[in-house]
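Presented sequentially are two complexes of chain A, the first with chain B as partner and the second with chain C.
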Partner chain A sequence: MSLTYHLQIVNLLAALLLLISFAMLSQRRIVGLITLFAWQGAALTLSTGLIAWSTGQHHLYYSAGLTLLLKVIGIPWFFFRLVKKLDVDRDVEPMINIPTTMLIGIVLVIFAFNLALPISQMSGTVMRSTLGIAMACVLLAFLMMITRSKAIPQIIGFLSIENGLFFAATSATYGMPLVVELGVALDVMVALFVLGIMSFQIRESFDSMDLKHMEKLKER
Partner chain B sequence: MTTGILLQIAQTLAAILLAPLLMGWVNQCRAWLQGRSAPPITQPYRTLRKLFHKDAVIAHNASPLFRFAPYMIFACMALAAGIVPTIANDLPFSPAADVIALVGIFALARVFLALAAMDIGTSFGSLGARREMLVSFLAEPALLMVFFTASFISQSTELPIIVQALAHKEFVIYPSMAFAAVAFWMISVAENARIPVDNPTTHLELTMIHEAMILEYSARHLALIEWAVALKLFTYSALGIALFLPWGIAPQGDPSALPLALLAMLLKMAIGGAALSLMEAISAKLRLFRAPEFLGTAFLLGVLGMLIHFLLEV
Partner chain C sequence: MTETLNLPDLVHWAWAGVLYWLILGFSALLLQSRRRLLTRVIFPLGALGALFIAGVGAAGLVAPTSAIILPIGLPDLPFHLRLDALSAFFLVLLGGAAFGVTVYAAGYFRNMRAGPLGLLALWYHLFLAGMVTVLLADDAYAFMVAWEVMALSSYFLVTTDHKIPEIRRAGFLYLLIAHVGAVSLLLCFGVLQGGEGDYTFNTMRLAEIAPFWASVAYLLALFGFGAKAGLVPMHVWLPEAHPAAPSPVSALMSGVMLKTAIYGLLRVTFDLLNVQLGWWGTLALALGLLTAIYGVIFAAVQSDMKRLLAWSSIENIGIILAAFGLTLIFYTDGKGALAALTMTALLYHAINHAFFKGLLFIGTGSVLHATGERRMGHLGGLIRFMPWTAWLTLIGALAIAGLPPLNGFVSEWLLLQAFLLSPGLSQPYLNMVIPVAAASVALAAALAAYVMVKFFGVVFLGQPRDPALHHAHEASWAERLGMIWLAAGCVLLGLLPSQVIGWLAPVVTQLTGQALINDAPSASAWLMLAPVSAERASYAPLVFLAVVLTTLLLVYIWVRRVYHGRVRRADAWDCGYPEQDARMQDTAEGFGQPIRQIFEMFMRVERERPDPFDRHPRYTGASHDKLWFIVYEPIAKIVGWLSDQAGKLQHGRIQWYLIYSFATLIFLLVFVTR
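Let's look at the complex of A and B:
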């Protein structure tokens, strides 16, 4: 291996991202989930900043700053308030039990690594080998959305998908153009507000945050 | 060669003699963290001396296996302590067993302990033995996964070569070893009967695993088992240091590095013991049926480490 030290650290952070994704998958409490989401954002910020520093891509600094503001400070703060207001911090049993979910997660990781192999060989960046990890993060976040029935874990899963995609973009092509990134950030903000208001509405109509109740909604 | 053999004997003896000290240090740290006044650090030695001076009481229906098991368990742990490089690397004894055989040595000790626990026929003994088997059959594959990750990096299952590759070559960050380290920590907590899997201080039948197995032992037999438990903790710590923090272990044929190696080993053990007691102080014991989930997570981390090695480090 002839990678420089900061790239080795980026590799380590990529591994950490995957670890946090698994931790989110196994987390039973909503507050723990939000904290883990904030940590994922922090790892993402650090790795983006390091890539920007080591490759001299200045626009990545803005992306890193945006990630820090939005995903480490803004969104977790919003969620903590939401959880407090809705009073939903209890243990949530996922629909599939956790060890099985983890095993499915391993299969997904193997699938993602194999899927990313040919793509990363085409890419010319120094960070191309972490593409597999980014795709694995996306798939694990999908899995989390599928296995949870409550609204807030599903929203966090959705935002965590965005984290994975962001990391994929950074590792495959040194990030998207700044305009696109700003647009995505705005989208995430808007989605967050819409979902936040919607969770109040769900709660108001069904007296619960369990989305299973919505399946029963049928016209008579 | 003679210095090698002398060094081997010195290292094994040091492990056997220092093991109760590590146990005493962990107990002391835990007492401090829980706000109790701590027992002296030499308390395990005093307990051992007291036990060796007592007369043994053995049940009438005990078979010879029951008397034989403590010696066997102690011998297994002493053998394992001799194989793992704690101070000096590549001693004459270490080719005797690679990491896979080392797992086998631990398993041998465990089988004898479980058999001896079931030998008397008390309900506690067989209960403890069954629980121990439940925990260990889940921990063993996870431990092997951790060793495989280290072996893939160093291209060998021999501990001296692994240490050589990790400590004395150019420094490289291995993300896979970070996963393996977390997995190894969880496994060693489970294997050494510590919180959150087992509580070494309780005698409540709902929760105890290890203590239930050794309830029938007394005097010198109990002393040997307690000593073996301390030695097991020491060996696992040495193993963790050799795999994840190997800097400082003296390379082969370099006696001048030995004093520093001894100092580094003591320092790392002290920090590791303090960390262990901190983790014990801040976590609650898991329900017995959550233990498979805990160890399943350890196995998962081991597998992930291996996958990450293939993705990032080849």
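Let's look at the complex of A and C:
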């Protein structure tokens, strides 16, 4: 009985993840976006920990710990500092207006659930039904990257894709081997550094973080 | 190589020559900073390699076919090499011409900067090694690899002076056409293997291919090798690449590389394909004649030495190809003796062209070195300042003009004999075409003589058109040695045709099934050449030479001794020009004017006439290749338009790029769940 109880909480957290994804899609301010990203990380940590406890997969504890350290504390802190330093906390003007984006997002969620149906039937884990949510998170984060024109929201979108993939991995196969997990964590760190440095460079070269200025960088 | 105590097969020796050149090339790269070492050691050693290859080829003409499988290349795809009479003949051609050119190169490059020279030496030897491997290859894979090595190394040789935009442009054009041709060859080999999935030439020889697919393979080969050889309309790279390349490289490309394309065409048509159709020959004959006439007309209107020679190479390739077409016609018509005659003429002309065109190109190289000038309008009277170059070039010019007793005459004479001897062929339309074709060959040969009069006369005779020419210096000894070697080749090939034809016999027999019959009485066979039937025609070059020399001697004695000898030197009427200067001479443009008038339909002539009231009138005229505007510009426009369309994908907006990946992701996900 306790299994279903845990499962219900995990499902709730999954729903929360999806909700946060939508919230990120509609959030205009960068600081708000970072906060939401941290919350997403927190939900992820909690769900991973719960799965680890309920299934006895010990390596998932490490994954949860890593997520907490990186995605709830490390990265948001880094971003807050970046925003403060670059002084870019203004309203983000999305390319497509927010209601349209939300509608596209709903279509993507439906698509993701359709997509996940045959796959989750093959999967033997307790929480296969959340696979659709994980995929929807990935697609929504991708959509966010497309609709934003500033650098930092795009980086957050990129990291959020990683969140979705991580969730997909835990829900479909009880997470990846720890080595892979560590590798991914390291990748995220490196990506963060590269992107952070790039943001500074973009700012320095164009005096703005708007990626429109990079349109010049084509052949003709 | 180790299992027997006997000498290894010849093909091993040929491969050893390739490795030797590779080692030389890469050691040249290591010795980049030692200029003297490069010109005094590496190039002479490379020349010895060429001599060695020629020797292996000469031995291969009589030795039985030998083959090896080399354990290099991809897994399960080793290199197959094979040396038969056909390969051996082209090895002789390559080695013979490359020896002279490489000796010349040792002198020609002596003033080049050390760094680029090291690279050049690398590409040079790689180029030679690639060509030898093309001739030895016995599977499509090795052939294509060697073919590409040859194309790429020659591209880098052409663009030696890559800082000049026109040279980069010429190099690109060359590379482009070479690769279009290579793709066609790849497809050709794909058809030839006949679904066996095995790309050795042996499989291709045994594969039974339906006539339709055989025709497809033949057309692909004709296109692919034609692009390399300079067959109209794929000839456009030649007049651009040859002036761009350093002269020894032009000499090698024109003299030897074009012949590898001829080799490939012979190999595919007569060896790998198991059926030959008559219309293939008619097509090749028509294209060859068109190429010959087209080339020689444009050669006549050029005013740049090397461009003129490049167009003349196109003409010669046209003649070789016409001979090829005629051979096919006779061969498929069952006229073995005549097929053997034209095949002999073809091979003879190929080796002749290697020698005299090599000689002419390096001759212009010496002129270029001495004067820094390629435009004929700025040259003239050089025979007084560089007599060695002038006289040696004269031998080449006479040979290419087809004058007896030099070598150009023999091959063109043989070819014309084949036309004249051709009795009733089984197709009536061919019987009507053959006389026209013979007339075209004669026209091309005559115009070639005209071109050479222009070339030699404007550059070496008359008065210098530029005061700086008085300081022109004679070529160095290494350069002269190279020219002497090639000139000697021209003379010997011209004087000893019966012997040469004897050497060619195994090749001709391999390809057409029978050798050329020398119908001269056996006692005088070494002296006289009489193809097929002695009653019809015969030629004894040594006798001819003796008559020429005797006549010269008699005239000399008559003028100097018997005639009263009271020569009075005085100004005559001066033809009304008491003050004659260099500008009154006929120019290259002026000499070509009649041809330009007669054949204006082939070219687009741009003239700019001066205003009648202009105090400083300037007249400019340029003739362009019409095919460039008819064929190449539309293709270039279409390709440009397509790439513009593809270029629209690149917005520079990161969102669009993300949408591309997003759409791809969605598409793949849909695809996966299907």
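The criterion applied here is as follows: the second predicted complex is superposed on the first by the 214 of 220 C-alpha atoms of A that agree within 3 Å, B and C clash if a C-alpha of one lies under 4 Å from a C-alpha of the other, contacts with A are read in each partner's own complex, and residues count from 1 in each chain.
To be clear about the criterion, a residue touches a chain if its C-beta (ideal position, glycine included) is under 8 Å from a C-beta of that chain, and two chains touch if they have at least 3 such contacts.
This is a predicted model, so every value here is computed, not measured.
Annotation for the three-chain superposition on chain A: chain B and chain C fit side by side.
When the two structures are aligned on the shared chain, A:N163 is found in touch with neither chain B nor chain C. Of the two partner chains, neither chain B nor chain C is touched by A:T48. By the touch criterion defined above, A:F111 lies against chain C but remains apart from chain B after alignment on the C-alpha atoms of chain A.
When the two complexes are laid over each other on chain A, the CA centres of chain B and chain C sit 140 degrees apart as seen from the CA centre of chain A, to the nearest 10. Using the contact criterion defined above for the overlaid structures, shared-chain residue A:T147 touches chain C, although it does not reach chain B. With both structures placed on the common chain, the touch criterion links A:T67 to neither chain B nor chain C. In the superposition on chain A, A:S129 makes contact with chain B only, while chain C stays out of contact range.
In the superposed model, A:L12 makes contact with chain B only, not with chain C. Applying the stated contact rule after C-alpha superposition, one finds that A:T101 touches neither chain B nor chain C. Between chain B and chain C in the chain A overlay, the least Cα distance found is 17 Å.
Chain A has no residue lying at the interface with chain B in one structure and with chain C in the other. The touching residues of chain B, when paired with chain A in their complex, are 172-173, 175-176, 178-179, 182, 292-293, 296-297, 300-301, 303-304, 307-308, 310-313. Of all the residues in chain C, the ones that touch chain A in their complex are 647, 650-655, 658-659, 662, 665-666, 669-670, 673. Residue ranges on chain A touching chain B, taken from their complex, read 1, 5, 8-9, 11-12, 14-16, 18-19, 22, 26, 98-99, 102-103, 105-106, 109-110, 113, 129-130, 132-133.
Contact residues of chain A toward chain C in the complex are 95, 111, 114-115, 118-119, 139, 142-143, 145-147, 149, 154, 211-212, 214-220.
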